[in-house]
Structures are given as structure tokens and as C-alpha cells.
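The next block holds one structure in the form of C-alpha cells; read it before the comments.
First chain written, first letter: the chains are A, B, C and D, and each begins at residue 1.
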Amino acid sequence: MNDKGAGCHPERAEYYARLTPHNLAPLWEDLGNLLLRAPKPEAVPHVWPYADVRPLLLESGDLITAEEAERRVLILENPALTGRACATDTLYAGLQLILPGEIAPAHRHTQSALRYIIEGSGAYTAVDGEKAYMEEGDLILTPSWTWHDHGNTSDGPTVWLDGLDIPILRFMTTTFVEHYADPVYPETRPSGDSLARYGANMLPVNETRAQTSSPVFRYPYERSREALEKMRQAGGIDPYQGHKLEYINPATGGAAMPTMSSFLQLLPKGFKTESYRATDAAVYSVVEGAGTVRVGGVDLAWGKRDTFAVPAWMPHVFDASEDSVLFSFSDRVMQQSLGLWREQRGNQ
Amino acid sequence: MNDKGAGCHPERAEYYARLTPHNLAPLWEDLGNLLLRAPKPEAVPHVWPYADVRPLLLESGDLITAEEAERRVLILENPALTGRACATDTLYAGLQLILPGEIAPAHRHTQSALRYIIEGSGAYTAVDGEKAYMEEGDLILTPSWTWHDHGNTSDGPTVWLDGLDIPILRFMTTTFVEHYADPVYPETRPSGDSLARYGANMLPVNETRAQTSSPVFRYPYERSREALEKMRQAGGIDPYQGHKLEYINPATGGAAMPTMSSFLQLLPKGFKTESYRATDAAVYSVVEGAGTVRVGGVDLAWGKRDTFAVPAWMPHVFDASEDSVLFSFSDRVMQQSLGLWREQRGNQ
Amino acid sequence: MNDKGAGCHPERAEYYARLTPHNLAPLWEDLGNLLLRAPKPEAVPHVWPYADVRPLLLESGDLITAEEAERRVLILENPALTGRACATDTLYAGLQLILPGEIAPAHRHTQSALRYIIEGSGAYTAVDGEKAYMEEGDLILTPSWTWHDHGNTSDGPTVWLDGLDIPILRFMTTTFVEHYADPVYPETRPSGDSLARYGANMLPVNETRAQTSSPVFRYPYERSREALEKMRQAGGIDPYQGHKLEYINPATGGAAMPTMSSFLQLLPKGFKTESYRATDAAVYSVVEGAGTVRVGGVDLAWGKRDTFAVPAWMPHVFDASEDSVLFSFSDRVMQQSLGLWREQRGNQ
Amino acid sequence: MNDKGAGCHPERAEYYARLTPHNLAPLWEDLGNLLLRAPKPEAVPHVWPYADVRPLLLESGDLITAEEAERRVLILENPALTGRACATDTLYAGLQLILPGEIAPAHRHTQSALRYIIEGSGAYTAVDGEKAYMEEGDLILTPSWTWHDHGNTSDGPTVWLDGLDIPILRFMTTTFVEHYADPVYPETRPSGDSLARYGANMLPVNETRAQTSSPVFRYPYERSREALEKMRQAGGIDPYQGHKLEYINPATGGAAMPTMSSFLQLLPKGFKTESYRATDAAVYSVVEGAGTVRVGGVDLAWGKRDTFAVPAWMPHVFDASEDSVLFSFSDRVMQQSLGLWREQRGNQ
């Protein structure tokens, strides 16, 4: 309670008590908390080493089938947000396992989802009846309200990072879910159709498609990695972010999905970024390399296939001990669409 | 706990216990709660009768000055969300009082704010140094990050409804606030300049302005009311919403602010709407008339100057016993920008 | 013929002759003309004094009825473009007369048209069945493909400036025209409906309208003039253009029509602009005041109700001997939509 | 002269004569021509067989060097538009030859240009200092106001189709040209950089680029051809256009350049389109196959590497005697940006 409050002004306490039954409260008692001078996320920086998570994840494969689980995922819970399915204040992350021969049944929901492939080759996600086969480093999208199921026709386990806007849609009271009558949605188009059709810097004439999310839903690592390499060759590097590309919706040039931005960045061996912070929070997955990140005063070490969370507005510095490639997703596009995103380069 | 869970599968309980120290949790135990079949807001329908609030609000004028309070406002707390400064799940509402001769000192914040004038005439809000004088029924905006102070040079109290996106920016960790060195920001332009310059369906040539929020920040009731009357004269009425207009940003044709939509609607005497619901939640202020609204099974009676809350996705039916004009604001534009807004007309 | 050509190279002449039957021609002979170093309009600066045009226009009222003429208009022909219905290289202008009791019958065309009222009060244009009554200084639009007819229910003649994109659509081969079965299109909405409904910085909720052109089709002079006056009071004046506003489409914040921009500007008595040029060509109508404009080395004197043409890319300087208000329209928005518009401020 | 005119009304002739000195003309005498009921292009359908053009083009290589010519191009003149450098009413087309070791010197202009590679391999176009090496079937852009030079470091001649908006910018008086001091603009980035950086459905974070034209300026045939093949495999074919893709600007999802749309379409062997017309005019280049097109009552036969023109609004029917791939460009995007484009499917 501050100095405007009942402590110094006993008559105010009596008044406040009379407000309560009318569902009223004095703003001036709480103004400083409602109008914070700068963002104060609840989440804390955290790393989930793959070496720790992988055995537990594989163990889940013995405990429950993909079909029974509907989605066999270990939620990555931010230590400060236990029980809320939050990796950061606004983002959900999990690691999903699908074993050879399994199927994760078809459903759709208003939540947007991305899958970043961490281990394995040859499983697939089918989106509205078109299969995208997975390779490590690929980004696969299941945009809002698209039917999707997963399957594994390979002979090894496949693991991917799930990124969803679950906390956002929960907050915004906009969640809808439907389950498909059958486990698998009918095949509508040959695999690879969308990437070829929409991903070659061409678009079908006269075809109208809702453009909220990208019609391309597989971004092959091979192509993305080459783009980063070309950036490196062209010289020039952003001192705050290294070589960094955003996955985009080719039908708009904007973010691939409306609530979550997704990125791939290359930090050359020995490169150390300048201090940087922004109002978006991010979850990272390490594709190649190793290094550390100092976030808000905490040091996190990361290596291949590890996942880590960088909360909003915490100054952070990356230090790559090897040539490193990091995938990340954040709520930046949501904040930008609403005119709310800010960044700070360097210590000001 | 569902049937996938530890109750029927004791080995799972043991496994779950081992997940916790690694900040992992089984998604399948909670999937139904995370992916709800339909929105389930926490807020409940509620009305704050002006007859109850007004005496308490005037009493606050004796307890604390506007300058000491910074903003002398009674927060309208949704009964289901006590202590969180929420009128609905995503919106803040309050009633602000400013007495003759008072000043509410200059500050700015990333939160967008709207003021809907309920009682009084002649107080003002200054936005970036231009004063907008208030009349009942006017809508006044203080867009994100604009300096603003309020003053009352009239001889009576002025009361308005404050609508802000405080819960949204708190959730998104994007709050910034600054206080101006002096109580009053310097006058930069004559009063009425913005409305004349940007409000006449003309815009200055070559002037570039950030277009996130409307450059018009006073929407006079006289003009808005006439627009509704013309709609009535033209005939045809929306069976779900009566005659309903949205306040817009003339520089874009979109919503006046990026996170909150604002509306004015006319319900003729005896008009009863068909059942309707949408994923946005709204706060209403009654400008003229009286009637009832049945929301999610609850009946609320409303009259002139009352405020009431309609939570997201609750079917509601208005019944106007007099010619009625309702102001309202909601999070619709935010949901639409993110591709998340849905409505349902009638019972399906 | 240049020095690459057949004059110095007789063998080339023989070659060129062999190209012709194949519908081929050597680019290098003509490259300098096809790729001009700077724009070279064909139009010349010109003024049509109202004192000269008015008697001739009134005389036409005796020679032909509005209905027989379909549109009783004197085309303002640029002296350098005789026979092409061009006031500038890309714009058509004319002065239209409608006498008491007359009707100009209903038709529609893909050409966009604007009417700027020069003399008279009380005639009307009906657009898709809604009448807009005319006062001097009003701007009235008949957007592409809207049914429109004109009538004069007043007791005096009415004269307005017609601005159309006829040369543009002729060049682009996109002209379509239809005539309505009856002289008058049926009345669909009360007069003033569109202005009230769309012109008050509000828009009907849920109403979707093609947004190519403005839903407001009358911009009253009273309101526009007040906006200019407010700009003057606020101080600051653009040294190249005085106080200048653009008429906009409130549903987009962009130009009122897709091919023609329209403007109103105030030049205070004694104000002389700095030299300015741009790639758009403009036709001006003098609403108030008098002065001169020096365009591309030519001096034009103008007074109330005169019309004059300023071709593209010619440096021009205005000099107002009285407080003056100028209406103008140009092809600026077309050029901007295609990324082609340029301006030059001062002599560089 | 129509029945409103001087023929039936001798007093009108006298009146008209008095109008002329005042640069006035009676609209009603010409209204039907100015407001045509439907588009009437001046251009006629025409084919330029490569077998005819190629020897003449190679012969030009002996008559003039690329550097002397600046651009050694044979203009494809529409037979109805001789002397105006027009293949259609609004589009310029030419065939350009560059021989081994030659350079076409650096310049820039506001005209947008596209190059469609017809014959040869290994020549290049450098755009703002980045070389794009050419293969048959590639589309290369030199967007408005970008520095560009061409060179041939291969050991054979290279021929491409030039498509420019010369008539459009001439009409709009927006032509600017600059010549670079040296024949070759300095190399700024490694070849292939733009395609990798912007063409992989990713965009550099934080990089702002003018988005009028595509940052990708080479669209490799290999990728475009594969996209068409995928469309064929997916089944379904547009009865009016076969499988047809548009080249797009990945930063916006819109047309690759603001004035000209560009397309690649696949017509399977034996496929005959339904009758179709649109207000845009197009120039086609045959990449693969052979067939005929019936345009406005004229039959044109086309084979590999031929160029042909289809004027605006002429119904046309394609008939492919082999699997055929057609490149084309048109003024569709310009018309669409201005709200003017129309199409008609079938005979109505």
C-alpha cells in the first residue's frame, strides 16, 4: 500500500470497504502496478537440455500411445509458470514424440502451431490432407483451423518442438477445437504440392486463399540453411543478431502465422552479440553448434537440440563457441500487429 | 484427472513425478483444458448502475485530489475477477471524476485509452498539447504513447468512462510509462485543430503521421448521433445489432485504436435483437434510453449512464423499452488483426 | 536520326528496310526518345477564364437540351492537344451546365468522375439512387461504375467543373459504359445519407463495401473550408503549397478515387510559393481570390471561377494577390499506386 | 458526326466555330467515342516467328556493337502501331542480342523491365551490382530505377525477350533516365545472393527495402517449371487458362513489378481452352511446345521461342498440339491497382 492509501488515511480504508460490495476499487491505490514503467515478465530464463529430456520423452513412448494421448508431448514448463503450460508468458512449447507406425489423430483448433524437427527423418504432418515429410531442421506449420494429423512411416522415432499460441488464445477467449471423425484426414493433394505451388516465388493466378497464414507449410532446412550461408558470404553481420532470417508467408510477405514469428539465425564461431532486448519473448531450439547466452543476468549454456526460453525485455548476449544455427519463435508479430513491439539495441 | 491419467495407471504417476524436476509436464493430462472446444471467459455479466456509483465517486472527490491520485478513478471490477482491474477478461474500465479547477497530471503510456463522457460539460483532455473539450456523449481518445493530461475549467464535476487495454498489455509484457516533468504538457495547437484537419474526410498533403491510432481524438456526439439518425431514416435495421456504427481512424478506415474497437448503436423503442454472440467481450455505457439485456442466461436492466459488461461468447439479446443509444468498446479489432474473431448470429 | 543511324552507316539503312516487313525496328535508333531523361508533357499551361466560357456555356443551353446532349458540357481542350479531349496529357476537364427543370439522364461508366461546383445552388447529382444537392465549392464524386444522373430543381443555372480520367481509361483500354433504361435511376436512400453514415469518422459495422472509391460522395465546402481555416490558425505553412488538404476515402484513408487525387488549398493574401514541380499534372479551379501562377516560363493570371491547367514536371510558382482558395485534381494517386510519382521542391 | 450535330442543326456549326478559339469543344458531339461501350484496342493479334527474327537479330550483331547500341534490340512492333514501339497498346517488347565478350552499358530508368531468356546460357544481367546468370526459361527483372548492365561471358550468343512499360510511362509523363559513368556498375554482392536471401520464403529480419518491386530478380526456370508440374500432378485444371502461375514479389505477395504482371502456364498436349478475355493485353513467349491461338477471329500458330501479342478484350482460345509452356506478361497488375481490370470467362 502506498502513501495515498489507507495506512496514512484511515478514512480512506472505511471508504474502500464500502466500494467493494459495488464491485468498485480505487485506481490510485494500484496505479503503479497497472501502469508499470517497463515490462516485467513472470517467466525466467531457462534451458531444457535435450540430454535430459530425450530419455524421458522416449520413456513416454512405453507409457502411452500417440493415439491414446492424442498428442504425446512433454510440455516445457517455465520454472516460474508451473501448471500454466507456458514456456514464456505468452507462448507454449513442448517436445512431441511419434514412434514408427504411430498416428496422432486428426483435429483442428484455432491455435496456430509450428513444428520444428529436432530428431528423425520421414515422419509426416498432414495439413488439410497434404502430407509434409519431415527432415531435421525443417519448419512445418499447422495454421489456425486447419485439419492436421501426424504419422510416422519411418523406422525410427521422430521428435519435434511444438510451438503454439495456447496462452494467447486462452487469454483472448478465442479457443475452438474440433476432432475429425476418423484418425486420419483424407488425402487431398500430393505431398510437396504446396511448397512447389506457393514456395517458388510464384502464386496460382485467380486462386483466392485466406491469407492469414502461409499456404506454404513446410520450409525445408536445406533451403533455409543455404539462405543463411549466402548472407554470410555477402558479408556484413548484424552485431545484435548475427545473420537472421524470418520465415514468411509468400502470399503477403508478412510473418508465416499471425500470432507467432519464426526465425533462423546463424552465429559464426567466436561471434558474440551486443546486448539486445525486445518486448517479445522467444523460445529457441539449437540446430547446430554450441554456445552460451547471458539473459537478464543468468548464464545459459546450450548445445545441439537443446531448447531454451528468453523472456521479454531481458537484455541478452549470445556467444557462439562453434558455428551455430538457432531456430526461434516469438510473439513479435502479434505485438507488431497491435503497434506494441519495441526493441532496444545496446545499453542505453 | 482423466482416464489417461495416473488414477488408472499408477506407473504414470511415478513417471510424472520424475518429470517435474526437469520442468516438464505431460500434455495429455491437460489437453482438454488447453484446447477448449469453445471459449470460456472468466468474467460474468454485470451492471454498475450509475445511481450507485455516482455518490461514491463524488465522495472520492473529498478524499483525494485529482493531482494526488494522478487519476481519480473507481475501477469497475468484474465480480469474477476481483483484484485484477478487469471489467472483462481483457478490458479495463473505470469511472473518472474531475472537479472544477482540478488537473490530472500529464503522463504517457503504451496502453491505449478511450474516454466516453457521461456527465458534465467543459472539462478537457489535452493530447500531445491539444485540448479536446468534453460534452456528454463525446468519445475522446488518448492513443498509445501520447502525452495527455485532463483539466476541468467548467463549474461542475465531469465524469467519464475510461476504457483501457491494461490487461492486454500486462499479458503481453509491453507496458511502458513516463511522467511529464510538469503537471500540464505545453499547448501545441489550438483546440479543435485535429478534428478540423483530419475529421472532414480530408487529410493534409505530404504529412506523414504514424497511423496506428486515429489522428482525430474527439468524436463529437452531435455528429455521431446524427449519423445514427440518418441510418434509422434510411430504413433497414440489423436484427442482431440495431443501427450500429464503429468509430474509425480516418487515416486508415480501420478501428480508431489497434487494440480496442468502439461503437455507438441505436436501438429504437420496442426493438428486441435476435440472439447473437462473438468472441470479443464488451463494456457498454448507456447514453440514452433504457432497457434490458439477457446475457448468458442472466438478465441485466440498464438505464441512462449505467455501465455493463458482456463477456465473450455469451449469447445476448437486447430489449429497448425506450429509444436507446449505447456506446460500447471491445477487443474485437485485436482479435480481428490476429485472425481470431468469430461471431454467431442466432441460435445454431 | 542519330549517329548510330543509317546516315553514317548506309548498310544499316538497307538492313532497316528489311526489318520493316517483319514488324521489327532497331531500338538503338530511337532509344533517346523512348527513354527520355525527364518527363516531357505535350500539354501546355493554359487558363480558361470564366468570363469567356460562361456566356458560351449559357448559349449552349439554347442550342441543345441536357437530355438530348446526355451531358451538356464544353470540353476544356488543352491548346496543344486539340481534338483529344485532354486538359492535360492524362486528364479530361469540362464545364457542365444544367438549367432549371432539366435532367441529364442516368448512365454509368468505368471512368471515375468528379464535379466541382462553380456556380449555382440546389441542383443535384444522384449516385446509385441517392441525391447530393450542390452548393458552390462542394466536391461531388461519381465513382467508377456507379449509376448517376443530374437534375436541377432550383430556379437558376448550375455550372460545375467535370474532371474525368477519360484519357487514362482510353489508353488502358478499360472503358465500359451502360445507359439506364429510364432517365432517372430510382431513389434508394434519402439525400445526405452517405455523408452522415460514412463522413462522421464512423463506419457501419459489418457492412462490406467495395473500397476502391469513397462511399462519401459529397464533400461540403463549408466543412472543407473550415479545415483550411484551422490549418491557418494553427500556424506553419508549407512554402511550396500553402495550406493544402486532400479529399480522402474515409474507408481507407487513401485518395477519394483510384485514378485522380483531389485537393483544396489556401494561399493567404500576399503569399508566394517556392518553385515546385511534380510528375502529376493538375487542373485547378479558383474558388476564392485571385493571383498568378508562373508555370514553365509562362505567366497565367487567375481569378474566381477560372480554370487552369498545370502540365507535369513544369516548375511553378503561385502568387496570391488576395486570400485565395484553389481546388485542383491530378493524376498523382495513379502515379503513386504504380510507384512512379516524383516531386522536386525548389530549384535543384 | 451524329444527329446531335451540325449536320442537322446548322446553327450549331456556327456556334462550334466560335468555341474553337477559346479552346472549347462540345462534348455531346463526341460522347460516344469518349465513353465507349467496351474496350477497343488499336493493336492487332500478331506472331513474330523466331525463325524469322533470329537471322535478322544475329545480323544486327555484325552491324552494331552492344556498347554502341547501348541496347541491341529489335523492337517487336505491332502491325497496327508502327513507329510507336508498342507490341500492344500499353506494352513494349523487343528481342535483345548479346554476343560473347560484349557489354551493354549500365544505366537506370523509371521504366520497369523484365527479361525472359529465349536462347543461350551464361550471359548475365547485373542489378544494382549483383549478377544474375541466365539460363533459358529464366525470368530476370530490372525493376524501376535500378542500375543494370548486361554482359556475356559465355561462348555463344544470348537472346532474350525484353518487356517494358515504355508506353505506360510515356503516357504518364514519368520517364527519367540516368547513365552510369562507367560501362559496368561496381559489383556489390555475390551472384545468387538475392535469390537465396529473399527467395526461400524467408526475409531478413529488420531489413527495410522499398517493396514496390521484387527483391528477387531471377526466377530460375527449373523451379518455376517444377511448380507447374506439381500443379499438373495435383489434378484439376482451369478450363480457361490451364495451369497458370504468376511470378510474385515475395516481400508482398503481389505482382513482381507494379506495372506489369508476369506469368508461366502449362497447357497439356491436346488441351484446348474455353473462350476467355480480359482488359489486359499480353505478350507471350513460347518456352516449350507448339499450338495455336484464335484471338479476336484471327488464328495464330506458335512454336518454341516464338513471340505473339494478344490485345485487350479479344476473346481467345488456346489449342496445344504438344505439352506447352508459355511465358507471358501483361498490364493486368496496373489495371488491378487502379480498380479497372475485368475478365470474361466464356461467351456471355
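Here is the rule we use: a residue touches a chain if its C-beta (ideal position, glycine included) is under 8 Å from a C-beta of that chain, and two chains touch if they have at least 3 such contacts.
The model shown is predicted, which means the values in this text are computed figures rather than measured ones.
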Hop across touching chains from subunit B and tell me the fewest hops that reach subunit D.
-> 2
What chains, if any, are shared contacts of subunit C and subunit D?
-> none
State, to the nearest whole Å, the distance from the C-alpha centre of subunit A to the C-alpha centre of subunit B.
-> 30
Just curious, how far off is subunit C from subunit A if you go by their C-alpha centres, in Å?
-> 52
Averaging C-alpha coordinates per chain, one finds the centres of subunit B and subunit C separated by a number of Å equal to 42
Shared-interface residues of subunit C (touching two or more other chains) are none
Interfacial residue positions of subunit B with respect to subunit C in the complex | 189-190, 192-193, 196-197, 199-206, 211, 214, 216, 219, 223-224, 226-227, 229-231, 233-234, 238, 241, 244-253, 263-264
Can you name the residues of subunit B that touch subunit A in the complex?
-> 4, 9, 11-12, 15, 18-19, 22-28, 30-31, 34-41, 46, 48, 52-53, 56, 59-60, 63-64, 68-79, 82-83, 85, 89-90, 92, 94, 107, 109-111, 144, 166, 168-178, 212-213, 258-259, 279, 281, 311-313, 331, 334-335, 337-342
